[in-house]
Amino acid sequence: MTAEHAGRGPLDRDELARVVAADIPAGAYVNLGIGLPTVVGDHLPAGRGITLHTENGMLGMGPAATGDDIDPDLTNAGKLPVTETPGASYFHHADSFALMRGGHLDVCVLGAFQVSAGGDLANWHTGEPGAIPAVGGAMDLAIGARAVFVMMPLFARDGTPKVVEKCTYPLTGLACVSRVYTDHAVFTVDADGLRVRDTYGLTLAELRDRVGLPLRE
Amino acid sequence: MSVAVTDADAAVADVPDGATVLIGGFGSAGQPVELIDALRRHGARDLTVVSNNAGNGDTGLAALLAAGLVRRILCSYPRQSDSYVFDRLYRDGRIELELVPQGNLAERMRAAGAGIGAFYCPTGVGTPLAEGKEQRTIDGRDYLLEFPIRGDVALIKAYRADGVGNLVYRKTARNFGPVMATAATTTVAQVTEVVPAGGLDPEVVVTPGIYVDRVVVV
Amino acid sequence: MSVAVTDADAAVADVPDGATVLIGGFGSAGQPVELIDALRRHGARDLTVVSNNAGNGDTGLAALLAAGLVRRILCSYPRQSDSYVFDRLYRDGRIELELVPQGNLAERMRAAGAGIGAFYCPTGVGTPLAEGKEQRTIDGRDYLLEFPIRGDVALIKAYRADGVGNLVYRKTARNFGPVMATAATTTVAQVTEVVPAGGLDPEVVVTPGIYVDRVVVV
Amino acid sequence: MTAEHAGRGPLDRDELARVVAADIPAGAYVNLGIGLPTVVGDHLPAGRGITLHTENGMLGMGPAATGDDIDPDLTNAGKLPVTETPGASYFHHADSFALMRGGHLDVCVLGAFQVSAGGDLANWHTGEPGAIPAVGGAMDLAIGARAVFVMMPLFARDGTPKVVEKCTYPLTGLACVSRVYTDHAVFTVDADGLRVRDTYGLTLAELRDRVGLPLRE
């Protein structure tokens, strides 16, 4: 059953982050990708025992560092200064990626250019001529985390949906996305394709019309 | 996440018959004797055990074997001066042995924990332990293809834990513990002490708490 | 063995033209800027550099690139807001790029240090980065075959060394240092301080001195 | 040129260990296998900066522990209590064997049942019916150390040479032995086979007669 929240506008950035944050299970180990997913960290409920991993080599990452707490040796995957929480640990890159690729993270949250109905992810490269590619840990997270949450606007600037039948951007991983959180709808992904869990600012019928894909309710 | 701190019997109460159990230790150093004793009392049968040795004397791993609960063991060095329990079971055909070179035992468990599907390793090329394994020449050197060893549960011994399950070890008792913790679905660590989260320096944590499900203070 | 303690210029004086140089750091955290500057002054040409990024601003790795000494770079994330030196060289066709997923960069160097000939890894299956790689299905999952990355020299930044070259690091500046130290023929570490042998707790050493050839205090 | 020491008896255990110890380069990282090779540790000259590795997870191993220094958490590969030296470090088994297999040890010293003229090593299993096999780290050391020194009596109890054309015992590794140290002779091994560096208690001619293999001088 889809929950339609049509009598309101689409989710703003913080509202979207709160929806994602609310879906992260208590006690989970979580990696928040660079960019939009970082905002989720500001909305994780206290006391739920959620531990943040940063792939440059730390579990138990705390909030962004400010003022005197800024330490150039303590940064997140976006190379911004962060803090440590009690119970944190540091490890080298091979250990950090073993943790990611070995299936030990409960959830990762990633931005995306496109997600296909089958859960394929495209988030590392526009593929445009002259664009300099950069992949970082995106492919490792895509295949490694037990649940891959994507967080993105539902529509590109030109209005085309970013949830697609088949990705046209270069892929990051195959059939790896579990859920897609967007400003206009939350989707779950399984072997049968996309199901709409929530809509925001439009009805399911309107969503189907604008996305143009089979969307189960 | 706060790690579950429990007693030894509760910590192994859900190990099912037929489970694969990774058991830490090199000889008696790092052997989680109290957890093994609890597993023996629990009585799960048809176990596959992965451990460097096959027990010494009549206690710990040797007692688990003597109780007839272990169907198969993967180890590198079963034969020791006081491994008479294993020796008897093996000669009587009551336990299967898969002999694994020590480095492969460690690296195959690391592979399981790290998401590696298989790896090419030079150890054992041209020896009887190469039988049945794929061989490949890479850059002029011969390698054998080795596959991961995964556990349903790992029983390990560490020195101290903190409240989120981070572990530090003591001297050469560290041995297989950190690797086994990554390779099992459920990891149980016996420790001498649990300190609050923040009580271990983040720089010196050897096993991050993400790999530790239950802690038992002995 | 006592580690050689020297200055930055002496530490890189024997790097030949055409060498493969592993350079630690994730962005600026852990980047061995003083060693990179010495390598630039040394002037060895046609270098292949392995590093997570391709330099920031005009200093460190970016300055090495700007000096025209690097023919080829293997990295996971060259494009950053201030990677204009690399960007220009790349668009001008004056530097080759091999883009390697970050986990493969680390694991391929670990493999080099650990004697692994190759390994099967799930990262990148079905993506453009799988092109030209062998694919194999193991237990129903698809993997790509990845080969080791070896260095002639590794330049890394640690926090403290002791007299035999044991290293400890600081926070997330640890990143690639411990892995690169194992993967290079010669490893040079810049540190803030060298303490006598015995001055580091053996339990907390991250890189054992066997992997460290030269130490530079900066 | 072979150095013949015929005017004396064969080397005893400690003399043999001293010969091996004298050949270990200053500054070397060394693994001494269980059994006879352990004795080499007692004869390493002080001040040469030789570091001992034990595969259960330590660099900088010191002499055997006695009395109050015995710590059940600090043992060598033979599971005997040992001590640590200043500059020691501990690591887990995967890291320890990565060090061995990755070619970082300068020398390992191993016992053997047989060594072939081509440097094949047999030291882990008699292959007798009913014998329980045990391999430990022998195969990892054989392929991993830069130089593999074998230390053994030249003749088995029945008088047959343990240096052979082709091993009849199950192999540990192929073409991996660099030198063979025995009570009656020291051999170097290369692609052309065995060369006799020293004899003890017999002449080169007598040695050739008893070993029955082509032995270069």
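Per-chain numbering from 1; labels A, B, C and D assigned in written order.
In this section, contacts are C-beta pairs under 8 Å (C-beta built on N, C-alpha and C of every residue); 3 or more make two chains touch, one makes a residue touch a chain.
What you see is a predicted model; the values in this text were computed from it and never measured.
Just to note, of C-D and A-C, the chains joined by more C-beta pairs in contact are A-C. A separation of 35 Å divides the Cα centre of chain A from that of chain B. Centres computed as Cα averages put chain A at a distance of 29 Å from chain C.
Centre-to-centre, using mean CA coordinates, chain A is 55 Å away from chain D. Touching two or more other chains at once are residues 107, 110, 114-116, 121-122, 169-171, 202-203 of chain B. In chain D, the residues that touch at least two other chains are 58, 84, 90-91, 97-98, 100-101, 143-144.
Contact annotation for chain pairs lists A-B, A-C, B-C, B-D, C-D, with touch applied as defined. The residues of chain C lying in touch with chain A in their complex are 26-30, 52, 76-80, 86-87, 90-91, 97, 99-107, 109-110, 121-129, 169-179, 206.
Remark: chain A residues 54-58, 71-75, 79, 84, 90-94, 96-98, 100-101, 120, 125, 130, 132-140, 143-144, 170-174 touch chain C in the complex. Residues of chain B that touch chain A in their complex: 1-2, 110, 112-116, 162-164, 166, 182, 196-198, 202-203, 205, 208-211. Those residues of chain A lying in contact with chain B across their complex are 26-29, 49-51, 53, 58-60, 84, 86-91, 97-105, 143-144.
Residues 107, 111, 114-122, 136, 138-139, 141, 143, 147, 168-171, 201-204 of chain C touch chain B in their complex.
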